[in-house]
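Labels run A, B, C and D following the written order; every chain starts at residue 1.
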Amino acid sequence: MSLFKRYFNKKKYDAEHTVTWSEDMPSKGLFLKRFKRHKLAVIGFFYLAIILLCAIFAPLLAPYNPNEITDAFGEGPSMAHWLGTDDIGRDILSRVLYAARVSLSVGVGAVAIAAAIGAVLGLIAGYFGGIIDGIIMRITDVFMSFPYIMFILVVASIVGPGLTNIIIILGVLGWPGIARLVRGNVLAIKQSDYVKAGIALGYSTPRILFKHILPNTIAPILIYATSGVAGAILDEAALSFLGLGVQPPDASWGNMLSSAQSITILTDQPWLWIPPGIFILLTVLSINYIGDALRDALDPRNVK
Amino acid sequence: MDTPLLTVKNVKTYYPVKTGFMNLQTSYVRAVDDVSFEIYEGETLGLVGESGCGKSTLGRTIIGLEPLTDGEILFDGKPMNFRTDRVSLSKQIQIVFQDPYSSLNPRLTIGDLLAEPLTVHNIVPRNEIQQEVTRLLQLVGLSETAKARYPHEFSGGQRQRIGIARALALRPRLIICDEPVSALDVSIQAQIMNLFKQLQRELGLTYLFIAHGLGAVKYISDRIAVMYAGKIVEMGTAEQIFKNPQHEYTKKLLGAYPIPDPTKRSILTQQ
Amino acid sequence: MFGYILRRLLIAIPVLFGVTVINFIIMRMAPGNPIDMLVSPKLPDAAREAKAIELGLNDPVYLQYWNWLKNLVMHGDLGYSMYTSEPVVSMILERMGPTLILMGTALVLGLLIAIPLGILSATKQYSKLDYIFVTGSFLGISIPNFFLGLILVYVFAVQLSWLPSGGMKEVGGDGGFGTLLVHMILPIIVLVANVAGRNIRYVRSSMLEILGQDYLRTARAKGLKELFVVNRHALRNALIPIVTIIGLEIPILFGGAVVIEQIFSWPGIGQLTLSSIMNRDYSTLMGLNLVAAFVVIAANILTDIVYAFVDPRIRKSYVGGAK
Amino acid sequence: MESLLSVKHVTTAFDTEHGKVISTSDVSFDVKHGETLAIVGESGSGKSVTALSIMRLLGKNGHVEEGEILLNGIDLAQVSDHEMQKLRGNDVSMIFQEPMTALNPVLTIGYQLVEAIRLHIPLEKKAAKKLAIEMLDKVGIPQAERVIKQFPFALSGGMRQRVMIAMALVCKPKLLIADEPTTALDVTVQAQIIRLLHSLCQEYGTAVMLITHDLGVVAEMADRVVVMYAGQVVETTDVYTLFEQPLHPYTVGLLNSIPSMDFDNKELQAIPGSIPANYNQLPGCRFANRCPLATEHCKTNKPELTDTGSGHLTRCFEWRQLQQGGNA
C-alpha cells in the first residue's frame, strides 16, 4: 500500500481547502418560478387584485349609492344601470361592488380569527403533548362533530345575524381544523434535530416554539388558510342566502341571490341573481387556484 | 489523569410501551440498560454497535435530550442536572447529529444560525458577533460567503460542517458525535473525520464518537466501547478491540466487517 | 382488532359527552324560558309547574344538565317543540328519512365519480384528461351549491320544464318511487357536484403519493403489466385514505342538505332547521343539532372500523400481532 | 463467449423542472455469464440510474437517449413494453436498497411471492404456493409456512431483503441487478445477505450486477469492477488489479478515504472539494477540479475510456503517472 503514500504526499491535502457549493437558485426565485407555472393561479391572482380594488374603492367606482332608490324599478341592464335594478329600484352593479367588501372581509376576518386560535392551541398541544394535548384534541373532536353549517345557523340564530357576528362565529367555530393541522406539523418538527440542537444549545422554550417551530408551520397554515378563506366566503353567502347572514338593506352576494328563491324573479329577472353568483364563483375559484399553486410552490418535498 | 471529564454510572433509559388488550399493560423497552464508563479530557471514546443497540439513546441521555430513568452522570465530577442548569451545561457539552438534512433550521440563513447561540449566551460582545461567525466558518473549512445562504443550498458534507460550527459556538469541552458521518459518502466522510481530528488537536476537545461503521470508529477513537442490546459488552483501547476482541459479539461484529482487500475475503470464506 | 374498535368507542364517549354539554350551554343561552322547552305545553299550568319541579328546572345548572341528560339517555326525550309543541324526537325522526336518502345517494354517487376520476387523473398525470378532471373539481368546490341549484332550476325546471322544481312528490300525487326519483335528480346533481369536486383532488393526491412508493417499482421489476401494478398494488393501498373520506364528508353533507332542502323544498332535517330558526323554536333546533352531531360521531366510528379492515397493520397489531 | 449483457455508450436523461438533465453519459461495460460485476460510485455518480435504465424502470420523465443495452442480443432500449415485461423477473430481475419500503404493506408475503412466480412459470395456485415456501426456506427464512400468511410489517429489514431475493431468483433469471442490497442493513445482517447472494447465484449460475458505494463489499463479492464518477465510467478492471494498481486518480482517492484495518495510523487522504454541479457542461475531465494530477490539458479536453492493456480501462490522460508510481 506504500504506493499511495508516495503518490499522494506530492501535494498536501487537508480540510482547510475551501469548499465550493452548487449555485442553487435562491429560494425566492424558485418560489415565483413554480408559482408562475400555474397559469390559472396567476389569472386568479390578478382577478382577486381587481376585486380587492373594487371593494376598497367601491364608493368611487359604484355609479349609485347601493341603497339609493332610483326611479327605475326592476329594469334590465341599461345604459343608466349596467346590471339593471331590483324591485325597490336599487342599482345592482353598485350593490355587487359593495358586496365584494362583505365577502372579502368575512373571508379574511374569519380565517384570521380561526388561524390565531387554532395555531396557538395546535402549537401548545403539539409541543407539550400529554394531557394538554389530549384535552385540546378532544375539544377539537367535539367541535368538529357538529355539522359546520348547522352549528353556525344555530349559533347565528341565537347571537343574531349581521356581518361582525358572522365573522366572529365563523372564526370561533373554524379553529379546530387549523389546530389539528398545526399540531400534526409541530409533532413532526419537534422530532427534527434542529429543535433538539436548540434545546442542547440552551435556548428557552418560547424561543424554540416561536423562532424555530412556528416559522416552519407557516407554509402549511398559509395553504390551509387559502382554502379557509374560500370556505368562509361560501359559508357567508349560504348564511345570507338563508337570511341569517348579512341583513338587508346591506348588500351581500349571498342575500342578493336569495331574492331568486321566488320563481318570478328567477325566471323574469336573471340579472338580479346571476351577477352575484358569478362573482362568488370567480372569487372562490381564484382563491382555490392560488391555494393549489401555493401548495406546489411551498412544498419542501419537491425541491428538486 | 485525575477526575474524568465525564462519568457515567449505571445509567438506564427505559421507554414505557403500552401493549396488550386495551393498552392497559405497560412493558418497558430497555434502550440503555445499566451502562457505566468514563471519558478523560482530550480523549475520544468510540461507541459502536448495530442499530437498535441503544448507542444514540445513550449519547442523547448524556446531553439531556432523552429522559434518564436511573443512574448518574457527572461532568468534571459534579452531577449534571439539565432541568436547573441547562444554560451553564450547554457551554460544557454539545452535540452533532447524523442527518445533515434535519439538523439545520431550513428557515434560517447560516449567518443567523451561528449568530443565535452567540447572542443568546453573549459569548462575544455584540459588535464582534459577525467576526466570530466568520471564525467559526473558517474553523470548519467554509468561507464567509456561506452566511447569506440557506441550508438547502448546501451538500450533505457542508451541512455537517455547519452543524459542527454551531456546536463549537459555545466553546464546549465535550462533544457528543451522534453518527456524524454515517449518512455521508466515503470521500466526504474522510474529510469530516479529518476535520474532527484536527479540531481535537487545535481546541483540545473530548469526543464521544457514536457510529455503526467500524472503520470510522477505529480511525478516530483512542478507546472503543462495543454496545449490544443496551449494554456495553466490551471496552478497551482501539488496538485491543480490533487486534484481540474478547467478547463473542465483538468477534462476530469484526468478522462481519467487509475488509476492502480482495486477497483477504473473510465473509465468504467463513460460514 | 376488537381492542382497536373498543378503544375508538371509548374515545367517542368523552366527545359525545362534550357535544351534549356544549349543546346544553347553547340551549341555556337561547332566549325563552326553559320550561317551554322541556315541558309539554299540553299539560295544564299546575301540572306543568309540577313537571318543572320534577325536572328540577330551578335546580343549579349542572343538576338540570344531569336530569336533561338522564332524560335524553333513558327515554330519548329531547323536550318539546316550542312552536308545534310536538315531541322534538318524533319531529326529527319523521324528517330524518328524506335527508338520509338525499345525503346517502349524494355520497355514494359522489364517490363513484370521484374515486375512478381521481385515480385516472393521477395515473395519467398532466394529460388532457387530468387537466379536465382537476378543473372540474375546482368548479365543483368553488360554485356555491345554492347558485348551482338556482341555475339548474332555471334551466331544467323553468325553461325546459323537464323536471319538477321542488318537493318530494307531485302535490297530491301518490309519491311512488318513480316520482321520488324524478324529484331527486336536481338536488342530487348539486350535492354530487360538491362531493365529487372535493374528493377528486383528494383521491388524486393520495394516489400520486402511492404511485411514488418503492413497492410499485418492485412490482414492475417482477414483470407485472402497468395495469396490474396500478389495480392490484396501488389501488389496495389507496383504499386507506379513501375510507377516511366518509368520515369527513358526512358533516359537510349535512350543511349542504340545509341549503338544498331550502331551494328544492325537500321535507328533510335541513328544512326543519330553517323553519325552527324562523319560528325561534330553540328546543327543536337543539334537538336537530344534537342528532346531527350523533350521526357524525357514528360516521366517524364507522370509518375507523372500516379503516381497521382495510389496513392490516391495525388489524394485526391489536390482536398481539406476530413480533 | 458472447457476454450476457453489454451496455454500449448509454446516455440517460431526465426532464425536470430545470429542463432536461443528463444523468449518465457514454456508459459502457459488459457482464459475462455467472460473473459478479460491481458498479462502484458515490451518490450522484449515476450507478443506480444505469441499473434502472437496464430494467427500463426510469419512470415517466426518464429515458435512454442514446446507446444500446444488449441482453443475450436483445436490445432492451428498443424492445416493446410487453416484451420487456416478459423479461423482467424472468431473464433479468432486480432487488433494491430499502427493504422496509420495497414490499407492499397491505398484501401478504405469500401473495407477492406467488404473484412473482405465476407471472413467468405456469403453475397452479397450490403448486406456486409450495414453490414459494421452498424458496423462502432456500433464502433462510425460518417457519416459511407461517411467514407466507404474514404481512411485511411483521418482518425485520434483513428478513424482508431475503423475501426480495426469493422473489427475484425464484424464476432463475440469467442476471440479477442488486442496487445497494445491504446498505440499509447492519454489518452482521449484511454479511449473511452477501453469503446468501453469493451462494444462490452460484447455484443458479446467475450473473450479478452489484451496485454499491462500499469498497469492502466490492472486495468481498466482485470479480470485476466498474468505477463511476459524475455520470461516467472512469475505470474498469478486475477486482484484484483495482485494489492493487488503480489507474484513475478518483479510484486512488476513494481507496485512500477508507480507514485501513491495520494500525499504521495512516493519515486519511480525503479527496478535497465536491462534485461540480454543472459537470455536464464542463469542457474537460469531470474530476479535474479535485485531481492532484490535473493539467491544463485535462481541464480543456474530455478524456476517453482508454485500454491500458489486458482490458484495464481508465478515463484519464495522466494514468501513466499512476503506473510509474511502480508497484507497492
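One rule holds for everything that comes next: a contact is a pair of C-beta atoms (placed from the backbone, for glycine too) under 8 Å apart; a residue touches a chain by one contact, two chains touch by 3 or more.
Small disclaimer: the values here were computed from a predicted structure and weren't measured.
Traced through touching neighbours, the fewest hops from subunit B to subunit D number 1. Averaging the CA coordinates per chain and comparing them to the mean over all protein CA atoms picks out A as nearest. The greater number of contacting C-beta pairs, out of the two interfaces A-C and C-D, is seen for A-C. Once the centre of each chain is set as its mean CA position, subunit A and subunit C turn out to be 24 Å apart.
Computed from the mean C-alpha positions, the centre of subunit C lies at a distance of 53 Å from the centre of subunit D.
Centres computed as Cα averages put subunit A at a distance of 44 Å from subunit B. With each centre defined as the average position of its C-alpha atoms, the distance from subunit A to subunit D rounds to 48 Å.
Contact with two or more other chains is made by residues 255-256, 260, 269-272, 274 of subunit D.
Looking at subunit C, no residue sits in touch with two or more other chains. Chain contacts: subunit A has residues 15, 17, 19, 21-22, 24 touching two or more partner chains. Looking at the complex, you find that subunit C touches subunit A at residues 11, 14-15, 18-19, 22, 26, 29-31, 135, 138-139, 141-147, 150-151, 153-154, 158, 165, 250-252, 254-256, 258-259, 262-263, 273-274, 277, 280, 282, 285-286, 288-289, 292-293, 296-297, 300.
On subunit C, the positions that touch subunit D within their shared complex are 125, 213-215, 217-226, 232-233, 236-237, 239-240, 310-313, 316, 321-323.
Interface residues of subunit D, counted against subunit B in their complex, comprise 42-43, 186-188, 190-191, 194-195, 198, 213-222, 239-240, 243, 253-261, 263, 267-272, 274. Every residue of subunit B that touches subunit D in the complex is listed here, in rising order: 50-51, 155, 157-158, 185-191, 193-194, 212, 214-216, 218-219, 238-239, 242-243, 252-253, 255-263, 265-268, 271.
By the touch rule above, subunit B contacts subunit A in their complex via residues 60, 63-65, 86-87, 89-91, 93-95, 97-99, 102-107, 116-117, 120-121, 140-143, 146, 149-150, 152-155, 157-158, 161, 163, 166, 169-170, 191, 194-195, 198.
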